[in-house]
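What follows are several structures.
The two complexes that follow have chain A in common; it is paired with chain B in the first and with chain C in the second.
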Partner chain A sequence: MPKSLFIVVVGCGRLGSLLANGLSRQGHNVVVVDRREEAFAELSVEFSGFKVVGDAVESETLRKARAADADCIIAAAEEDNVNLMVAQVAKEVFGVKRVIARVAEPARELAYRQLNIETVSPTSLAGDHVLMSLARDQKENPS
Partner chain B sequence: MPPLRQEQFLRQRYRAIAAYTGLIFFLLGFLMVAPLCALLAWPGEAGQAWWFLLPGGGLAALGAGLWRSLRPSEPAPLTTPEGAVIIILAWAAAMLVGAMPLMGAAGLNFTQAVFEATSGWTTTGLSVVDVTKVSHLVLLYRSTMQLAGGAGLAILMLAAFGGPLGVGLSTAEGRERQLVPHVRRSTRLVVSIYAGYSLAGLVALRLAGMDWFDAINHSFCAVSTGGFSTRPESIGYWNSPLVEAVIIALMILGNLNFLTSYALLKGRWRAVFRNGEVRLLAFLLPVGIVVLFTTATAAMFPSLGKSLRVAVFETITALTTTGYSTVGYKGFGAAATLVFILFMLIGGGICSTAGGIKQFRIYALWRALFWEFRRLLLPRSAVSRPEIWDGDNREPVDDASLRQIAVFVFLYLALFFIGSVLLTAYGFSLSDSLFEFASALGTVGLSVGVTSPTAPPMVLWAETFAMLLGRLEFLVVGIGLVKAVRDGRWLICKSGT
Partner chain C sequence: MKAVIIGGGKVVYFLAKVFISKGYEPVIIDQDKEDCLWLSQQLKAMVLHGDGSRPALLEEAGAREAVAVLAVTPRDQDNLVACQLAAKMFGVPRTLALVNDPENQEVFHRLGVSVAFSTTHIMATLIEQQAGLEEVVNLLPVAQGKVTVTELLLHQGLPSVGRTMQELDMPAGSLIGAVIRGEQVMVPRGPDRLQDGDRLLLISTPESYGPALRCLMGKEV
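Up next is the complex of A and B:
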């Protein structure tokens, strides 16, 4: 088994639960945080980590999730602003080495980069994918 | 007609269930053969080895076969009902196959052997074996059962082999709380803490004056809050304050919730002292000791030291559901007997090796009493949020968990009274029946003499089921049986048409 990491996932929506389930399956220590307890219903039976109910914007919630010990924090909440704030707090206050934030709005990625936060944007990923596959079509059958 | 999807799904699930059950069988078989280590010191007992090798080896081979032929290509996640089916099969094998060495090597009949095996795996400690007559192999086997049963078969299996993903299996055996946020790592940590306690206890008991064999057996059975002894007089045989002190320490460590143990080892004192179970323990123990001392032991023993020692030891052995004793229980009087019964009903910490209703549930109900009062005094529109300290955090206690606790306590007490009625029907006195059945149901092991080789078979069977239900906390047995029967009927009906 590879060395296991301690990972905090903020937001247990579609992306957050997918990540939490997958990471737990791989054998990592996972803590998932969400404002609503009902959100944890998204987790599957393979998840064996801890669940913390609370607003991740409050640093008390992140302290409960033991963010200071985390190897990695993934901010996967619905709101871009929440993710930005969580990512910044994790980096500056808790000193987490690796912070990854989800951004819905691609235009904001630049701002994140200036703050030295790794981002992933489902919107631009999907957009790039469609653009690339269209371009490939054009190259293959030039009409 | 193509097979129905539900049928395919069930078959696939039950293949995984059978494979993981096989893995536990393998572990059980190994545990049954392990006491043969004693042959190194007593080679003269080799004649009995077959009674351990045949059932143990057979079970291990069956388990290995199931695992090899049915193992899922990648670890499969299990739900709690599926885990419950595995736990029931595993415990049935532990009770029935585990009884065979006792029938062969200790000369028990079937009823007695199943009783003794169940008393071992459930860490109860009630015994129908004459410990002066049986071999070292049998004595070590009884202690091994308690050591393994205290940790929990699911926990040992998860720690040793990895096993299925998710918390279905450990939840099904009543070990739903974790030390760290991953079930496999958590089980390994629990097993290492537990092994550390047993080893430390072993050395301490040796230093306190036991020989190695006694130290091994008593360390195993104290930390698992089991209570099997190698002497008919139990711990009273040594009559030594030092031995009693070590045993008391081990019993209290075994009775602590593993999370509390972990906090203690990590030096997080605040988390330990805020813990509700620790507070309840700190309240109950002195009360019990005072009642026992003033109403019974002060008058029973000539010296103050001896009567204090007995009061302390007996209170702790009852509350931690261990069942070691230093004296007999004749002449303790009504008040002391009542304290014993109450403490055996309350029992040890949740997610520990101890049994009983569990201190956490009692503490939660006790707090709920105050919340209920406060709610009546507050204005109708006020919103209150009951909380209990859990480690470093205040955790809210919602109505759903209080409801579960209430149902559990009701079931527990109902079973307690039904069982006691059964015992009185066999002619035992009311206080003896209540005492003995509380002892069996709470997996304690203290006895006023109802449990003996001459006890009627029905009494032994009733206690056997009480020990099993008490250890597995009822609901799992129900869930597992209902699921297995329902799915089995489904499969049989479908394949018949």
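Up next is the complex of A and C:
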């Protein structure tokens, strides 16, 4: 088995909980952060990581999550701006090597790629997927 | 000169008024629709409704020609992103952000915001520096509070009134940078004598602030 990593997941919504559950199952050490304690209900019973309640745009919360020791931070909160701020603070203040931010708005995503923030956009991914699959249909069944 | 202000409520209303009086052309971006309506009725300014951290809206507000962007929403993340996008995408030379969590002041500087100010920090400094003294009419922390610039109003009965700069013997780490007497502003030298009604600009480190005030005001601070 590859070396297990220490990963902080910010936001325990649909994407955050999916990632936290999956990474924990793979044997990684996971800390998941959310503003609302109720959000942790999304975690599976096998989830063996830690939970931190707090607003991740406050450095204090990231400290509680031991961000400085993390191999990777995934900013997967609902709001783009929370993720963009958390990603930059993790990188610049806590010195985290690998940082990934979920950004829904494609225009904002572009700007932050130029700032060397690794981003993933559910909007672009879904959009590209649909466009590609339609193009494939057209190729296979030209009308 | 165009300046984009992001936020709402009374703060933005008064800020915009100050900007207009100084000859700027403010453009406001506000998330709250009712607030937008109210602001547009009160001010001779363009008011846009929406999220000021969206590139499309910043562009519509004329960020490309703006000399400054000021983000004063109650959410630090929105203020940061608005300032960064303004600077990176539209080349706005000066960005100013309100930080709600005082710890973020330092963080914002590191992430490229030109000026980050924290009301919590400013108020805490005011209390610390005994701004309650009636003679202290203005106080400005500079360089994250490492230096303070204080405006003091002298009146009859204070130990410094009637004395020359030489006689005052100000403590190390403090300096009277200017004396404002009526319409006149002067940089005081040794033989200059302080008078009733003078306004002083005191520049000092936090450590020498107390001793300097004692020297000028004769009060325990």
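Criterion: the second predicted complex is superposed on the first by the 143 of 143 C-alpha atoms of A that agree within 3 Å, B and C clash if a C-alpha of one lies under 4 Å from a C-alpha of the other, contacts with A are read in each partner's own complex, and residues count from 1 in each chain.
In the analysis below, a contact is a pair of C-beta atoms (placed from the backbone, for glycine too) under 8 Å apart; a residue touches a chain by one contact, two chains touch by 3 or more.
Every value quoted in this text rests on a predicted model; they were computed, and no experiment measured them.
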Side-by-side fit of chain B and chain C on chain A, or clash: fit
Touched partner set for A:Met85, first chain B, second chain C, both or neither: second
Touching partner for A:Ala111 - first (chain B), second (chain C), both, neither: second
Cα-centre angle that chain B and chain C span when viewed from chain A, reported as a multiple of 10 degrees: 110
Partner chain in contact with A:Ser4 - chain B first, chain C second, else both or neither: first
Partner chain in contact with A:Ser17 - chain B first, chain C second, else both or neither: neither
Which of chain B and chain C A:Thr119 touches, first, second, both or neither: neither
Partner chain in contact with A:Gly27 - chain B first, chain C second, else both or neither: first
Which superposed partner A:Ser48 touches (first chain B, second chain C, both, neither): first
After fitting on chain A: smallest Cα gap, chain B-chain C, Å: 18
In the complex with chain A, residue positions of chain B that touch it: 75, 77-79, 165-168, 178, 180-186, 393
Residues of chain C that touch chain A when the two form their complex: 53-56, 75-78, 80-81, 84-85, 88-89, 101, 103-104, 107, 110-111
Chain A - residues contacting chain C, complex: 57-60, 79-82, 84-85, 88-89, 92-93, 105, 107-108, 111, 114-115
Residues of chain A defined as touching chain B within the complex: 4, 6, 24-25, 27-31, 44-50, 64
